[in-house]
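Note that subunit A is present in both complexes that follow, paired respectively with subunit B and with subunit C.
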Partner chain A sequence: MSAITLIAADELRYWRRSKVAWTVLLTLLLVSVCAALVSNSEISRRVNERVAQQAEADAIFQAQPDRHPHRMVHYGHYVYRTASPLAVIDSGIDSMVGTSIFLEGHRQNSATFAAARETGLLARFGSFSPAFTLQVLAPLLLIICGFASVTREKESKTLYQLIGQGVSSSNLLFGKSLALGLVALIALLPLILLGFTSTGNDSFGFRQSLFGMAFGYLIYLSIWVLLIVSFSALLRTSAQSLSVLLGLWIITVVLMPRIASEYASVSVPSPTHVETDLRIAETMRAGGDSHDIEDNAFVGLRSLTLAEYNVESIEDLPFNYRGLVALRGEEADTEVLNQFAEERMAQELQQKTIADSFAMLSPVVAMRSFSMALAGTALPDHHHFLRAAEDYRYNMVQTFNRLQMSEMTLAEDLARNDSDDSGRRTRVDASNWAGMPVFELRPRDHAQRRQAASQPGFTMGFWLIAAFCLLLLSTRWLRT
Partner chain B sequence: MNLNFRIQQEFFFLLKSKAVLGVMTLLLIMSGVSVVLGLNYVAAERQEIVELIQLDTEERAHKRTLAYDYGGAAYDAFHAAWNPPSDLTFAAIGQRDLNPTLMRIRALAIEGQIYETDSINPELALAGRFDFAFVAAYLLPLVIVFVFYDLLAAERESGRLNLLTVTAQNARSLWSIRILLRFIGVLIAVLLPLWIGMSVEGASVGLMLSATLAITLEAVFWTALVLVIATRPNFRSETIAAISVGTWIVLTLAIPIAGKVYIESSVTGIKGSEVALVQRESVNDAWDLPKSVTMDAFYASHPEWANSAPLHEEWHWKWYYAFHQVGDEMAAGLAQEYRATMLARDELTARFSLLSPAVAIQRRLEALAQTNLSASLAFEDQVRDYHEEIRRAYYPVLFEEVPFSKERLAQIAIPDFSESAGLDSE
Partner chain C sequence: MSNCALKASELEVIRGGKAVLTGMSFEIKQGEVFALLGGNGAGKSTTLLTFMGLLKPTRGVAEVMGQSAAEQPDAVRSQIAYLPESAALYDHLTAWENLTYFLSLSQCRPEPKALSDALDAVSLPVESRGKPLKSYSKGMRQKVAIALALLRETPVLLLDEPTSGLDPSAVEDFHDIIERLASNGVTILMVTHDLYGACQVANRVGILRAGQLVDVFEADADGNIEINTVRDLFLQQQVA
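Right after this comes the complex of A and B.
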């Protein structure tokens, strides 16, 4: 056995006799296992709920009777956001964003009914998940386990005996770190087991992402282990070491994430949804009202179409001109809506980048970002859902508009409100909705998630190197 | 030695202990930062409200110039509604960012409009706010732990404890003065920024006293707790610190999270999205039902219009607004259930606040700041009342089938939300 493993074994032997160490170990194990179980049942409950709601919404939609296609445009459809399989480890923003979107013509509704609102006050206290345990609690328990690892030897004067016996100070600190690192590994086990059971054979590479997450947490906990042993070596008494380490934990884990997000929201203020709606309405005014074929906005379209088909009036066109106006109108509206939606998403990403830059001040800020990105529960994944829902909405609405073009004449369409009978003539067969493909969200693949995780990943690498340098520095301090 | 002298002596002693003073200054700064951020937040909200009212008025006026029938005019006329921040909102922003605060509503079914919340950046929201309530719930207890944990142990470990107890004529008064001075120092550090913030906001003295009392009680609880641990004989200072911080973790992190898990799994009432689904179904089914079915249901709840001219087969706006109202009536039970679910969760949260001072202080501050669930539901009620005013304002011209004229349209006067909800004019 090398000197390092000897020191580590000695440290473990000391912990075996210490009540504090046992308490910490058992707490860590208990908390991580509980977190894994609770999070697993919580997430699967949410997923099942949404799958059931989506199935209900699909069934209702497909069972709609014969209708005028434009009625279906306003009838719309609901889509529900599914959770990533790795949400059991890190649910990320899942509870903060709405779970469903109502899709209809002429509008992009926002996702409503966030779980956090429905839960109330306690939603903001964090969530009991492996991610929370590892990011917040594990460092604290490691501190309690390790703050005295070197100061204890100083206080009982055994440090100089050890050094006198020829143990090099770097071996001493590496050994202490190794022992503490083994404790950290215990915290990681439930995460890996849980992740393994929840990621099966999928084509989106969630298992690869899981390995990435486990590796990230290993680095994160190593950073803490190195910091704890370094401070214990640098400071004179156990009391000093404890208060400095607790202070460090409070500042980096409790304070920094909040300061980061406050700073980001102050530096890039986001417009309220009402203001955005008003601006959208103003921009869309120029696009005209696509329900009204006489709207000035469609004068150009009319003459172009008449010229293309070489006919005198819209009645002579081989299709229902109102359907064409609806089609082109939706196209123009969607362009405006997408422009605003992209602007909003870019702004949110900009805020995220600013908040993420605080990772240089706190490893937990880096870890949070890294973990969410790989779990597929981060902001870009939500944007991915919004874009997929918008694609689905646009295709659905345009399908209906095309039906309005092809399945009735202009005269029939204009007379639709005159009587029940004329209304019936403009109805389209129900098989058209029954056959609509259902909404399926393809998650982003591993490469995309890894790309999103790369920046915080680099920052964690920086932290690891910095913590290692601090440890090396403290070995020199110990020698003098 | 007289008391005055002893207090002076202890005061100088406090000034000399750099660590304690440093932590108090840190608390003062954190509290100050949170208050400034909060004031900033409410100022931005007020600005948004002013802009909303102006944009909204312009947009509505513009839409009215385009109107060619009453139904269409009502369809296009959105009316702003807003929940203004209170004098204490800056200190406890609470769930305000997740609850609807600004909205524009129209005479269509309210259930389709009332749940629209502001679009927040979810990643920023996840971290939580850095408001005064956070400083009070999370940081204040930690500062108290730091200030009191080695009160005795430090003296004992440096071997001065016995000397002090022997030389001081009355050991008890010495310790009480030392504890009281530190306690007051902590309290002033956390409260001073709050008092300044509240004065800036023009809060009433009563509100100030209530907030001060809440914070003082919390500080007393934590001080007592730490002192009980710190005065145990033979506890080393790091043991005291570890136990105190452990208690903080249990009370501030563990119990609230356990509470959240318990509440979410035990109160699994109706989801908001189900209310919306039912409302949409009933509104849309109306298109395929005979018009008389809808109208009969509408007249049952609005008998004053039952004598309106019967509908024929063609489209009529009064039928359109009737089925929107009937849709609301059909979803009303579910909407109540949805609220009841949230209230039941809130009720359980109240019970957890007995176990966790962090939950208790946040609830108390949010109640004082009117940023809690009941305030949000009260706003919802105001909006529902306002919506009723709006739709009823259009009923006479629709159900009496008044021929359209711009003059008559101009006579349909709908009060501002501030008037309807009885808000102070800003």
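Right after this comes the complex of A and C.
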């Protein structure tokens, strides 16, 4: 065996025989397994809940009786976001943002304008998930295990003995790092096992993403391992080493993500819900009320349509003009709504970019972005859901508006409230919504998730190189 | 090739901003036992650490078998077995495991019998050898450290207060070991407070004061050093 493996093997033997280290190792393993189980159970519960709720919402919607199509526009429909399979590892912002949206005409509801501000998204300390364990607890346990890995040798003077046996300082520090790295692997074990044992349909490359996450966490924990051994080498006593490393953990893991998100929200302030609603209402008012065919906003539409069909009045058109107004009105409303939604999403992404720039000061900021991106639980994935839901809403509403155009005359439509009989004449057969396609969210594929993870991945690479350089410097400055 | 095993030339070493060695010079021939006597802070341990290449002199050179300790520390360390003042061994390992581990680090692969013989030579009780060192007395730990130094079979042995913590019988055994090693050509530099022990085993005794070698006594033709003269000078130096 080489000196490095001998030193690593002895370090592991020391931990095996030391009760404190043994307790830490067992805790690490236990916490990792518990986090995986708890998270799995929680996500399964959420998935089942959402699937059941979506099925119920679909059933209720499709069971609606014959109705006037515009009543269906306002009756609306719920859609639910199904959790990414990797939310079991990292639930990301899932718990911070709405996972269901009520879809109806002329509005984009709930999740789109929910308080999903970056402040809240990034500042959270995290739920008890494998990601939380690996990002927050594992470094702490590694510190407890390894803060004295080199200082112990100094304090007991065995460092002299080691050097006296011809052990170079680099071999010593690499050996210590190797041993601590093997401990870190214990924390990664559930993730790796999950990757190898997961079966079933993998059309979105979740297994690839899972191995990508495992690799990312390996780099992240390696950064900590190198920092821990370096500081233990650079400082004289175990007390100094523990203090400095705990300070580093508090600053980089606890404080920095919060500072990052606070700074991001201050730098790019988001308007409040009420402010946004008022601005939307004001802009939409200018576009007219599509329930009123006499609204001045539709004068141009009327002239153009009459000219196009070469008729004198809207009653002579071969379709229900009210339906056309509803169709064009929804088009205009959606343009406004989408403009505000995109503006809001751009702000959130801008906040995220600013918060992510703190990754140069804290590896956990980079790791969080990397992990959420690959898990498919990051902000862009939430935006993907919002856009998909909006597409579905728009198509659904316009389907009903077309039915209003084609399934009744203008006269029938205008007289719909005159009597029960006239109301019945404007009702459309229920089979029209019973056959509507259900909402199915196709997750972003592996390539998109990988691309989103590339920037934080590079930052972690930078951290790894920096930590390795510090270790190399420590071999020169190893203080006896 | 010179038969000088250890050589200090105008050695000056500064630790913590203070000059601990201030131009010390001496030479030790192969197979010679040289004892450095000195009070606390005289620079005894610093001398050994400088020969180990653990401290870099600000001036002068420390050479081991013709190689500079500061410039070729790895090469020098392969020629040296070092016995620190407090036996620097692992508490969580047994005597046997400590020996095996440290020896494998220095690429030595002694037979189990050689390990047993070394532990026999330092009179470590057989029943203690399989127990972790945390249950050992200071003297027992020192015996294991001495056994380790012996097993390295290096041409140079650096000993820092080697008999500290040993009982009188073990001290006698240790002196026998030193004499046997010297007769086999091993060069030994020991630093100690033990004036009597030094005069008993050393070929030469040097008095170290404030980082300088102030006097050296050589053994006569019968191998004896006049202990009273050394003691008087040593005490004089301490008072001064």
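Keep this in mind: the second predicted complex is superposed on the first by the 457 of 480 C-alpha atoms of A that agree within 3 Å, B and C clash if a C-alpha of one lies under 4 Å from a C-alpha of the other, contacts with A are read in each partner's own complex, and residues count from 1 in each chain.
In the analysis below, a contact is a pair of C-beta atoms (placed from the backbone, for glycine too) under 8 Å apart; a residue touches a chain by one contact, two chains touch by 3 or more.
From a predicted model like this one, the values you see are computed outputs, not experimental measurements.
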{"item": "Dominant toucher of subunit A (residue count), subunit B or subunit C", "value": "B"}
{"item": "Which superposed partner A:T158 touches (first subunit B, second subunit C, both, neither)", "value": "second"}
{"item": "Partner chain(s) touched by A:S44 [first = subunit B, second = subunit C, both, neither]", "value": "neither"}
{"item": "Which superposed partner A:T99 touches (first subunit B, second subunit C, both, neither)", "value": "first"}
{"item": "Touching partner for A:N432 - first (subunit B), second (subunit C), both, neither", "value": "neither"}
{"item": "Which of subunit B and subunit C A:G166 touches, first, second, both or neither", "value": "second"}
{"item": "Subunit A-touching residues of subunit B, taken from the complex the two chains share", "value": "30, 37, 40, 44, 48, 51-52, 55-56, 59, 80, 94-95, 98-99, 102-104, 115-130, 134, 138-139, 142, 146, 150, 236-238, 241-242, 245-246, 249, 253, 256-261, 263-265, 271-274, 276-277, 280-281, 284, 287-288, 313-315, 341-342, 345-346, 349, 352, 358-359, 362-363, 366, 372-373"}
{"item": "Residues of subunit C touching subunit A in the complex", "value": "49, 52, 54, 74, 77-78, 80-82, 84, 86, 88-93, 101-107, 132, 148, 152"}
{"item": "In the complex, subunit A residues that touch subunit B", "value": "20, 38, 41-42, 45, 49, 53, 56-57, 60, 65, 67, 71, 74-76, 78, 80, 92-93, 96-100, 102, 110, 112-128, 132, 136-137, 140, 144, 147-148, 238-239, 242-243, 246, 250, 254-255, 257-262, 264-266, 269-270, 272-278, 281-282, 344, 348, 351-352, 355, 372, 378-379, 382, 417-421, 423"}
{"item": "Footprint of subunit C on subunit A - complex, ascending", "value": "1, 3, 6-7, 10, 13-14, 17-18, 156-168, 480"}
